[in-house]
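Listed after this line are the structures, all set down as C-alpha cells.
In what follows, chain A forms one complex with chain B and a second complex with chain C.
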Partner chain A sequence: MISAVHTLWARAWRGRPPQGWLLLVSLATAILMAAPVLYVGVRALAEDAERWTVLLDERIPALLWNTVSLAAVVGLSAGVLGLSLAWLVARTDLPWRQTLRWLVAIPLAVPPYVGAMTYVVVFGPRGWVSDIVGSTPIDMYSFAGAAFVLSIFTYPYVFLVAGSAVGRMGRAHEDVARSLGLGRFAVLRRVTLPLLRPATGAGIVLVVLYVLSDFGAVALLRYSTLTSAIYYQMGGFDTGAAAILSVVLIALTLVVLGVEASTRRRARFYESSGAAQSPRRIELGRLRWPAFIYVATVFLFAGLMPLMVLGYWTAQGLLIDGLDPRFLQFALNTLQAAGLAAAVAMFLAVPVVYLRSRHASVPAAVIERLAHAGYALPGVIVALGVIFFSLRLAPVVYGTALMLSIAYVIRFLPQAMQSASASLELVSPRIDEAARVAGLRPLGVIVKVISRLIAPGVLAGGALVFVSSAKELPATLLLRPAGFDTLAIRVWVEASDGAYHLAAPPALVMVLLSLLPLKWMLDRFREA
Partner chain B sequence: MKIKILLAAMLSLLAIAGTGCATQTPVESSSADEPGTLVVYTSRKEAFVEPLLAKFTTDTGIKVEALYADDAVVNRLKEEASRPRADIMIGNDAGALEYLRLQKVLAPLPAPPAGLDSIDPAYRATDGSWFGLSARTRVFIYNKDLITETEMPATIWELTDPQWKGKFAITRGGNGSMVAHVSALRFVWGDEKSEQWIRAVKENAGAITDGHSDIRKAVGAGEFAFGLVNNYYYHLQVREPEDNNVGIIYPDQGQGDMGAMVNAAGVGFVADGPNANSAKTFAEWVLLPENQKEFSGTSLEVPLNPRIEAPEGAAAIDSYKVHALKLSSLGEVWEGTRSLIERAGLDLELK
Partner chain C sequence: MSGIDLIGVSKSYAGSDRRAVDDVSLSIRPGEIVTLLGPSGCGKTTTLRLIAGFERPDSGSVGLGARVVADSATWVPAEQRGVGMVFQEHALFPHLTVVRNIGFNLRRGDAAKRVAQMLELVGLTGLGDRMPHELSGGQQQRVALARALAHDPVVVLLDEPFSSLDADLRLQMRAEVRRILKDAGATAVVVSHDQHDALAISDTVVVMRDGRIEQVGTPREIYQFPHTRFVAEFVGASNVLHGVMGATGDRVDTALGEIACAHTHGLAGGTNVLLSVRPDSFEIDEDGPVQGTVLSEIYAGTNTDVTMRATTANGQSLDLLIHAHPERALRVGDTIRVRVLPDFVAVIEE
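== the complex of A and B ==
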C-alpha cells in the first residue's frame, strides 16, 4: 500500500520527486501568491444574486465596452507603432538607427500615469497649447485622449518583443522569396511580416494586459474602465460591487491569456539553426528621411516632450517652493516598500524556479502557474485581495507598510522568476549532479552552487521588481498606511490636484530610476 | 564573489526595510500615560488639513500620521471596523460622517469634549460622534463678463429652465457635496420633484465634471457662464492671478424660499481607535477658537461658529438664509439619494 503511494508520487514527478522542504517552500509561495485573488472571487460569489443582476444590467455592459474598445484600439496602434519602429531600426538603413533604438525605448521608463499628466499639462483644457493657440487639437479627457496616451507609452512592449524576433531572423526565408521573384515590398508583406506575427502578437498581449490593469492614466484622463470603476467603487461605500466587477475583469484577463495561448500554439516558425546568416539591410532609398521623421516624431511625443515637461515643472517647483522637506521621507518609504519586495521576491523566486526546472512535471508546472496568479491581474484586484485576506486571516499585518510589499511581491514575483529561470536554463543539471557527488546535500547545492551561478539573473530580476514596485500606483493607493506616502502616491496626489510643480520632482525621480534597468532589458531582448 | 554581492544587496535591503518598519509601523497602540501618536484619516484635501495637523503637533507634541485618500477613507474605515487603525476621521461632508456613525464605525468620546457647545446642534451628531466646524454652502459662481447678477438664476429650481441650456456646469452625481445637496432637496421637494429636477438639470448642464475645481476654473476662463459649487471655490477663484472676474450668488434667499444648503466639514471619532487619549486631546484642541479658525484655514470655508472670524470677503454663516435641514439626518438617506440620482440618469461616476 505504502509502496503504491510512493510509486504514484514518484510517477507524478516523472521519477524525480523533490525534497520535502523544496516542495513546501514552493507550494507555500504559490499559495500565498494565489490566495488573495481567490479570495476576491469568493467574496464576489458571496454577494446576493440581486446585486449581480443590478450590476450586470446597469454598469457592466458600458464598462466592458469602454474597457474592451480601449484595449483593442491601444493594442492595435501600439502594435503598429512597435512593429514598424522595431523593423525600421533593426533592418533598414535608417539614419542614426543605433541611437534611435535607445531613444524610442525610453517611453517604457515613463509610467503611463506620469505620461498622462504631462499630456494634460500640454494638451489639456487650459494647458500650454490651449493658452497659446486658444484651442486644443485633441480632447484629452476622452476615449481618443486615453487611447493616444496609452498607445505611446505602451508600444515599447511590442517594440522590444518584436525587436528581438527581428534580431533573430535569418536571411534564408527572405532570400528564397526574392529568388522566386517577389519584389521588395511583397517580401515584406508575405514573408517578413508573417514571420514576425507571433512576436508582435505576444507584445500586443502585454499591451492589452497593461491596458486592462491601468488605473492612473485612465483616471487622470477621466475615462472609465473596469479597473478605474473598481477603484472608485472602493471609494464609494461598496466593496461587494468592487469584488463583482473584479471577477468580470479577471474573466476578461483570462480570455486574453487564453486567446494568446491558442494563437501561440497555432503559429510557430522555426529558424534552421546553425548557419543562419544575419539578414540583409534594406535600403529605404527615397523613404529614408520620411522614415527618420516618423521615428523622430514618435520619440518627440512619447519621450522628449514628457521628459521636457517633467524637467520644466521640476525646475519650477524647486524655484517656487524649494524641495518639499518631506521629499526624502517619501523617497525612503519608496525604497523601503519596494526594496523589501525586491529582496523577498529574489528569495522566493529561486526555489520555485529550481523546482520547475530540475523536477519538471505536472505538479511543478501547476505550482509555477499559481505563483503567476497576481501578475496578469490589475493592482486594484491584488490590493482588494490583500485587504480581504489580511483582515480575516492575518490582522497583525493589516494597515502596516508590510502590506504594500506583500502586494508588490504578489504582483511582480514572476518578473524575478523569469529572470532567474533564464539564468538557470544556462546551468546544466550535470553541475547539480557533480555537486551532489562532491558531497553537498540538496540544500547545499542550491545555496552554495546554483545561487552563486544564477546570481546575476536573480539580481536583475530583483531590480525589475524594485522598479515596478516603485512605480506601482493603484495597490499603493489602496494599501498604504497613514503617514506612509511614497513617490508614486505624491505624483498622484499632486497631479490630481493640478499642482504639477509638486508632482514633477517625484515623477522625474521615478523615470530616472526606471531608466536603469532599461539598458539591461534592451540587451536581454536582443540576446533572447 | 557574486554571491557575496547578492547577499550584501539583500541584507542591506532588509536592513533598510527593517529599520523603516520599526520606526513607521503604526500598529502599536500607545499606553495610557504617554500622548504618542494620532492616526488621522481624511477625505479632505491635503493642502487644507496638513497645516492644521502640523500646528497640532507643535502645540501638543503628539505625532500625527495622516492618510489623505479622498472618499476612499469612508470605505476603508468601514472595512477596518473590526480592527480600527485610525483615531480621527476629518470629513468634508456631514452625510458621510453620519453614515459612518450609523454603521457604528464612529462613536462618541467617553465624555463630551470641552467647547462642544460652541457648535450649533444642527451641525453635529446627536450623540457627539462627530461635529462640524466649517460650512460648505452650495452657491452659484458666475463669470461677470458673461452674465450679470440680475440675469443670474436666483433659485436652484431655475436650473431646470431651458434658457440655461449649455450655459452652466455641475459635478457628477456621486460627488459628496452633490449627494448631500440632493438629499436636502428631497427633504423639501419630495422624491418625485427632486428626480424631475435632476433629469432637467442633467439635460441643461453644459458640462458634468468630476469635482468643483474644474467648474471654478472653467467659469473663470469663460467656458461657462456659471456653475453650481461650494462657496469656498468662489473665494479660491477670486484669489487667482487671472480669470478671477467672478461673482457669487447664494440661491433661494427670497421670502418663502428654502435657503442655501449648508453642509459641514468636521471631525469624527473612530470607535475603539488605537489612541483614545490623543483623540480626546485633538477634540478639545480643535474646538479652541483659534483652531476652529485654523480648521477652515486655507480651504476658505466659513466657520460654523459665527463668533469665529470668516475669511476676508466671505459671508458669515449668520448673514444669509440657511436651509432648514438638520445635517445629522443626511446619513440615513445617503444610499437612497445615491440610487435616486442614478435612477434619474445622472451618473455617479464619470464614464
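== the complex of A and C ==
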C-alpha cells in the first residue's frame, strides 16, 4: 500500500519528486498568491441573486462596452504604432535609428496616469493650448482622449515584443519570397508582416491587459471602465458590488489570457531555427524623411512633451514653494513599501522557479500557475482580495503598511519569477548534479550554487518589482493606512486637485526611477 | 531549364577589402547538378547569392540561359530572374499550409494541378493540408524543393540543403533530392561545406577557396585526382609527399620509393613535384616495398584508419594514414608492409 502511494507520488512528479521543504515553501507561496483573488470570487458568488440581477441589468452592460471598446481601440492603435516603429527602427535606413530606438521606448517609463496628467495640463479645458488658441483640438475628457493617452503610453509593449521578433528574423523567408517573384513591397505585405503577427499579437495582449487594469489614467480623464467602477464601489464601502464587478473583470482578463496562450503556442512555430543571417537593411528612398518625421512625432507626443511638462511644473513648484518639506517622507514611504515587496518577491521567486524548472511536472506547473494568479489582474481586484483576506484571517495586518507590500507581491511576483526563470534556464541541470556529486545536499545546491548563478536575474527581477510597486496606484490608494502617503499617492491627489506644481516633482522622480529598468529591458528584448 | 554562365565575377562587401568572390568564371550546362564546395568564407554562398540576384557583382557578368542578368550595364533583381531557392532551414512560410507554400505566388491557370504534380514529385501526396510545423525535417525539405520547382525555375539554388538533417535522413535525402532534381530536369547549384554531400549529389563539383575556384571536376576526378594540396586535404584525407618526376612521365620518385602515377599533368622528367596519395591507395601486403610500425588504429566499420610510421629510403621516418581492410586486426606496435596502388595517386600543386 505504502509503496503504491510512493509509486503514484513519484509518477506524478515524473520520477523526480522534490524535497519536502521545497514543495512546502512553493506551495505556501502559491496559496498566498492565489487565495485572496479566489476569495473575491467566493465573496461575489455569496452575494444575493438580486444584487447580481440589478448590476447585470443596470451597470455591467455599459461598463463592459466602455471597457471592451477602449481596450480594442487602444490595442489596435498601440499595435500599429509599436509594430511600425519596431520595423522602421530595426530594418530600415531611418536616420538616427539607434538614438530613436531608445527615445521611442521612453513612454514605457511614464506611468499612464502621469501621462494623462500632462495631457490634461496641455490639452485640458483650461490647459496651455486652450489658453493660447482658445479651444482644444481634442476633448481629453472623452473616449477619444482616454484612447489616445493610453495608446501613446502603452505602444512600447508592442514595440519591445515585436521588435525582438524583428531582430530574430533571418533573411531566408524574404529571400525565398523574392526568388518566387515578389517585389519588395509584396514581400513586406505577404511574408514579413505575417511572420511578425504572433509577436505583435503578444504585445497587443499586454496592452489590452494593461488597459483592463488601468485606473489612474481613465479616472483622471473621467472615463468610466470596470476597473474604475470597482474602485469607486470600494470607495463607497460597497464591497459586495465591487466583488461582483471584479468577477466580470476577471472573466474578461481570463478570456484575454486564453487568447494569449493560443497565440504563444502558435508563435513557437514562427521562430526560425538554424544559424539565421540577419536580413538586408531596407532602403526607404524618398520615404526616408517622411518616416523620420513620423517617428519623431510619436516621440514628441509620447516622450518629449510629457517630460517637458513635468520639468516645467517641477521647476515652477520649486520656485513657488520650494520643495514640499513632506517630500522626503513620501519618498521614504515609497522606498519602504516597494522595497519590502521587492525583497519578499526575490525571496519567494527562487523556490517556485526552481521547482518548476528542476522538477518539471504537472504539480509543479500547477503551483507555478497559482503563483501567477495576480499576474495581469487589476490592482483594484488584488486590493479587494487582500482586504477580504486580512479581515478574515489576519486582522492584525489590516490597516497597516504591510498590507500594501503584500498586495504588491501578489501583483508583481510574476515579474520576479520571469526574470529569475530566464536566468535559471541558462544554468544547465548538470550544474546541480555536479554540485550534488561534489557532496552538497539539495538545499545547499540552491543556496550555495544556484542562487549565486542566477543572482543577476533575481536582482533584476527585484528591481522590476520595486519600480512597478513604486508606480502602483489603485491598490495603494485602497490599502494605505491613513496618512501613509507615497509618491504615487501624492501625484494622484495633487493632480486631481489641479495642483500640478505639487504633482510634478514626485511624478518626475517616478519617471526617472522607471528609466533604470528600461535599459535592462531593452537589452533583454534585443537578446531574446 | 537553362545553363548558367559566370564570367570574371568579383564581389567585395562593404567594410571588407578582401574579395568575397574573386574573378570567378564558371559555365554550367542545362540540367547539370553542380556543388560549390569549400570551407566557410570561401565565397560559395556569395556566388550562389550572385546567381540568385540577392547580391550585385562589382565586376564580371552573370548569365542565366541566353539572358545576361547582371553585368556593368544590366541588373535584373531576384524577383525577376525566375530562380528557385532552397535554404538550409527550409524557410517554409509558417502561416501557410503545404499546398499554399508550394503554390506561393504561383500565377497560372493550372496552379492547383501544378501543386498536385509537385506533391507527387516529392512524394508528399496527401499531406497538402498540413502546416509546416506538423512535418518532419525531411518532409519540410521536400516541400521547400517542391515550392522552388513549382515555378518552372530557370535554375534551382540550394544553400546547405542537408546541414539541418541528422545523419540517417541525410543519406536518404541526398539520393532523394538528386532524383527529384533529375526527374524535374533542373539545373541546380548546391552550396555545401560537406564533401560527402558534394560527392553524392553532384554531376560536377567546384571546390572553392578564398573566393577563387580551386578545381572543377566530376566527383570521381575531384577525389581521385585532386589538382592542389588544398583539394587533396579538404576533400577526404591525403598523404602529401615530395618527389621528383621520373623520366618516363608515369612514375614519381619519392621517399617511399618509386610510385606509379597516371595523373601527372604531362610534367617533364626531373621536375620537383608534390604527390597526393589517398589512404585508400595503400594495400597491406607482406611483400610490399614500404615497411613501418602501427602508431594508432581506429576501427571505423567500413575500414580501419591506421597511422603507420614508415621508414624511408634514406632512413628517416614518415607518418602515413592508411585505410586498411576492416577484417584485418591490427595492434599498435605491429610491423606491417604496404604497397602503393596507382588508383588514388595524383601530382598536385602546393
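Just so it is clear, the second predicted complex is superposed on the first by the 516 of 528 C-alpha atoms of A that agree within 3 Å, B and C clash if a C-alpha of one lies under 4 Å from a C-alpha of the other, contacts with A are read in each partner's own complex, and residues count from 1 in each chain.
Here, a contact is a pair of C-beta atoms (placed from the backbone, for glycine too) under 8 Å apart; a residue touches a chain by one contact, two chains touch by 3 or more.
Here the structure is a predicted model, which means the values were calculated and not measured.
State whether chain B and chain C clash or fit side by side on chain A once the two structures are superposed.
Overlaying the two complexes on chain A (C-alpha atoms) leaves chain C and chain B fitting together cleanly.
Rounding in steps of 10 degrees, give the angle chain B-chain A-chain C taken between C-alpha centres.
170
On the A-aligned overlay, A:191 touches which partner chain: chain B = first, chain C = second, or both, or neither?
Second partner only, chain C.
If we overlay the two complexes on their shared chain A, which of chain B and chain C does A:387 touch? Say first, second, both or neither.
Once the two structures are laid over each other on A, A:387 reaches chain B alone.
When the two structures are overlaid on chain A, which partner does A:181 contact: first (chain B), second (chain C), both, or neither?
A:181 contacts chain C only, not chain B.
When the two structures are laid over each other on chain A, which of chain B and chain C touches more residues of chain A?
B
Rounded to whole Å, what minimum CA distance do you find between chain B and chain C in the overlaid structures?
So the smallest C-alpha to C-alpha spacing between these two chains is 39 Å.
Would you tell me which residues of chain A are touching chain C in their complex?
Its residues touching chain C are 170, 172-173, 175-183, 186, 190-191, 194-195, 197, 268-270, 272-274, 276, 280.
Note which residues of chain A are touching chain B in the complex, please.
58, 62, 66, 125-126, 222, 224, 229, 232, 234-239, 332-333, 335-337, 339-340, 342-343, 346-347, 387, 391, 395-396, 398-402, 405, 451-452, 455-456, 458-459, 462, 477-478, 480-484, 493, 497-498
What does chain B use to touch chain A in their complex?
The touching residues are 2-3, 5-6, 9-10, 13-14, 16-17, 20-21, 24-27, 39-41, 45-47, 64-72, 74-75, 78-80, 82-83, 85-86, 99, 174, 210, 213, 217-218, 221, 223, 335, 338, 342, 348-351.
Which stretch or stretches of chain C touch chain A in the complex?
52-54, 77-85, 87-89, 91, 93-95, 104-105, 131-133, 147-148, 151, 153, 157, 163-164
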